[in-house]
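The first chain written gets the first letter, and so on, giving A, B, C and D; residue counts start at 1 in each chain.
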């Protein structure tokens, strides 16, 4: 089906073209910019809807562009890519609305939204990449496109944060690149395919493969913020709230996690990776990061930094899922890719709202915000509870499957304690916030309150996004078994990943 | 005939060496230029000994032409360098 | 007419230069027209090679050997096209860069002579003719450097000239020895005659040494930064992007196509090592540099180093697709650097004229004052680092894979470190550029200066990054010396 | 016996040459260095003659020794008279010496082999064979203006570039020599002599030693002499004429080349029957250009009012572009 072959390209263009046009717009042309943004986002959403339908019916969509005799750019839609594409597209729409509200009167909006669209393009491209070469191209592009957003404020602090972010990610990028090229020299072009490419090829020297795996995991681990490569994430929190929300809850960190899944399942093949003895190594790092992130989060008073460390911890669940051999764990990992994204972005939206309307940046200032900003705080609470793993919120599903998977794989004796420990820690750093927000009396005046206007606690563009995403997180939990729910989709992927 | 050729080509190499050494040693413009010219003369001499085919037979004209070209190029380069030096002096005096 | 493009591409700029001397009033117009005509000619040449393979023009109708021949094959024609594109862009740029008419009148004739030298050099098929064109190149390049008319520029120019003359003389000594042993100056005839003898080895050494000086390979790079940094922006662009590169081109020619019997893996390894040091040293110096153009100049030292790292790999790899791939990657690196570095220097010139200086630390907020120029700097920076999408990304990809295939993995470390340093020095600038500034400029200011730079940067990134697939077959099929 | 005498002669020439070269490069007195350099040039001229290269003997005497010498002499007027020892550290000097010595030995070794291996198959036979159809009987001229005419064309471009640079950089230097009646008197008969000689050299170049470059140098000498003798009379020529003379050589060369290209599809392919004429035309024009170029180079810069044309149409002069 010809149209379907070009669908991935259209999905890229739907954010690329608006982005490029926006760069050329004058600061004042607010309306045009907004409508371009929304138009792009909605179009993308529609196209993605089509793609879901197609992939579900196993239509093959595959675009190739020759770069050199043995390297080609491949856009390819499979079940796994659809997960990530959908996630980033939906959240892009929400975040765009949020960002329009958030950046009302700040300067250089054209530049901001331009790079913002480029980021989404890179993320989606990375999700749709059909081979390692293409994946790496978009992986690096994502780094480049996010740099200006982190540096956006232009303050010394922002530029410094951006530099650190860049040092980490490009450093990792180099390692990933070397690993990938090395792999190409011994195994030829690497097209992603379910159950892995390398599992097919014998005769490869296992130790070379182990080295390559190490290089690539380090490279991806930087973006996935695996310990000890996580250092950039808290630094990058200087970025404006929408950036933190989309990039550091979804695009960047997920790109890393997604890459790890790709490498483990579609390059090495999970059974083969296990045979090489790579999974325990990955699992150990992931497990340690989970606990480490939570512990660090405990001691953070700055809200966004606490959320950042929580991200570090939560994203590693995905790596953990990939590192445990067995369908259930795989499902858990993949489904968490979605769930964590939805929940974490809610938290960041909320944090942004507190900062915007009340000037609240620290946990210690949050006493009684619940009464001042009920909607936002409600969303925040749902997401936080979800993070802890309270049923029936989405987070519970992921953790449940991870646990089951661990038991199934017989790895339970060390995974289960990790899961329990981290859940307790999650509770330990989220519940106090909720307690302060709802039950403690508000301080007589907020640090920097904006005059209340309109019937809502704040402008709708800022209030609705977290409410919506929170609702989504709840629904994903409640109707986990419904068709096209993340869980169902993850099950579908897993069915395709495990041959035997 | 070999002997003459050898003698003169060795002389050429010697000239080349002397010039090269001085070029590397000197830092002032004019001595360095003189050295470069000496160096070039050495190369020209090598060319001409190649052309020389003994007392009775006529020499190869090609190297002669090449050296003629070389001489003209050398004088042009010399003139240009001296002009650059003069301009620098003027700027230093300002 | 069409078949003689190989002549026109040299003669037209020469006539242009003569006209611009005689009627300085019409110099700018003449320069632009003759450049566009030469550009067209270079396109025709590439097409000729593509259609009917490498070809030769025996000047004066004397068969090569007695006479001089011009030759075009994949390598030379592609480089010719690149250099004409860069030169044409720089010409448009220069026509609005030099605001003083007197300066312009001095600039054009020399500029067109530089173009003559570049094109003649790329097409020459005769060893002594190479010497003459090399001299023409050095002299015009030095003259253009001196146009800045500052003390720094003059000192740089003098140094540049004397070192250049020394290089040419060493080269000429090599030519003499070659003629002594093999009685011909024609490159093709030579490639058939040459054999490993003491004479040929020493001659080869002298030729190589002369060219290494001109291509500024570490440790012979010392003359480059001052010259490239103090010349007027369009000149710096040509110097860094082209003048250094054509010397590398001749070196490749001699190494790959003429002296292949003589060269030893050891010598290749030596140059590779020097290249590696150049990558690290040049990038490090670029990171230390306080001025934008000086940074760019040092980055050129590093980028030249990459080209030399290819040599030991190409020598080591077996004949066939791997070797060809490595060679094409080398060419791709050279092309990308040509476009990227020229775009960078042109933009640096815009910044310099806007701010009145090019001290990196004081460029705060250029991103807001000159959005497009900053964007161009970023694009060319991407190409200099070797990030996708850019030709050098592919180039480095093959550089690394060739290192693995040739079993010389240590180059990979060098490439990695070099790329990280490059990232550091490029984003150091961008970091400052994103700094605070009140005045917010329009997207485009000074189109005749910014658009050419943008076009060059796009060539370096998108066009070579995504559109260079055809290059690989072209090079592997059409890279050889055409005989008569 | 004769052999022996020749060898002694050769040996003494070579030793003297090396001595002069060494002196030029090692003396600390600029004046002496230049003098020795000129002497070396004259000796080289003798050596060229000895090695049966009369064209070069002429060229060396007029250009190598003459013009270069004159350039150096006029340059050292405004230049420190003593050469300070270079700042190079002893270690570096040692390195340089060792390096040069090694190179010299290496090259001698190579040449030793080369002279033995040289198969004698050089271009000379071809040159001799083709000379009849080249239009000139002097093989050197045949090579310069026909077989390798392209080199000569680019060589003229080199000369032009150098002179353009000189004109770009400085205003002309006015001779410090106080023009004496003696000099003026001498000029009166020397200049015509030089002009005639150069004409003769030009003409004779077709079949005997001589040619455009030697002739051009002679003519240049005449122009320079005029400038020296009558410094008061500033503008001997109109500047348009000077510009015209400067480019006419290459221009003619290129036009003839293109004409041949359109005629025979090959650049610079002269028909045997007109070759002589065409070459003479090119050489004549080249002579004028070379003479003008060398004279301007000697003057060391722009004659008065050289850039008037440009100045006039520089109505809007904003900030200076160069960096």
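What we mean here is this: contacts are C-beta pairs under 8 Å (C-beta built on N, C-alpha and C of every residue); 3 or more make two chains touch, one makes a residue touch a chain.
Remember, it's a predicted structure, so these values are computed and weren't measured experimentally.
Contact count check for B-D and A-C (C-beta pairs in contact): higher for B-D.
Ranking all chains by how far their C-alpha centres lie from the centre of chain A, first place goes to D. Of all chains shown, the one whose average CA position lies nearest the global CA mean is C.
Chain B and chain D have Cα centroids separated by 12 Å. Chain A and chain B have CA centres that are 70 Å apart.
Between chain A and chain D, the centres computed from C-alpha atoms are 73 Å apart. Averaging C-alpha coordinates per chain places the centre of chain A 43 Å away from that of chain C.
Contacts with at least two other chains are made by residues 9, 16, 20, 33, 42, 46, 50, 62, 66, 69, 73, 76-77, 80, 84-85, 87 of chain B.
Multi-chain contact residues of chain C (touching two or more other chains): 128, 132, 135, 139, 142-143, 146, 149-150, 173, 177, 179-180.
Contact between chains, per the stated criterion, is found for A-C, B-C, B-D, C-D.
Here chain D touches chain B in the complex through residues 6-7, 10-11, 14, 17-18, 21-22, 24-26, 30, 33-34, 37, 40-41, 44, 47-48, 51-53, 55-56, 59-60, 63-64, 67-68, 71-72, 75-76, 78-80, 83-84, 86-88, 93, 96-97, 99-101, 103-104, 107-108, 111-112, 115-116, 118, 122-124, 127-128, 139-140, 142-144, 147-148, 151-152, 155, 158-159, 161-163, 165-166, 169-170, 173, 211, 213, 290, 294, 297-298, 300-301, going by the rule given at the top. Within the complex formed with chain A, the residues of chain C that make contact are 321, 325, 365, 368, 371, 382, 387-389, 393-394, 397-398, 400-401, 404-405, 412, 416, 419-420, 423-424, 427, 430-431, 434-436, 440, 443, 465-466, 468-469, 472-473.
Remark: chain C residues 3-4, 7, 11, 14-15, 17-18, 21-22, 24-25, 57-62, 65-68, 97-106, 109-110, 113, 116, 120, 128-129, 132-133, 135-136, 139-140, 142-143, 146-150, 153, 173, 177, 179-181, 183-184, 197-199, 201-203, 205-206, 230-233, 236, 293, 349, 352-353, 358 touch chain D in the complex. Taken in their complex, chain D has these residues touching chain C: 106-107, 109-111, 113-115, 117-123, 126-127, 130, 146-151, 154-155, 157-158, 160-162, 164-165, 168-169, 243-244, 246-247, 250-251, 254, 257-258, 261, 264-270, 307, 309-311, 313-323.
The residues of chain A lying in touch with chain C in their complex are 23-24, 27, 65-71, 73, 107-108, 111, 136-137, 140-141, 144, 147-148, 151, 154-156, 159, 162-163, 166-167, 170-171, 174-175, 177-178, 181-182, 184-186.
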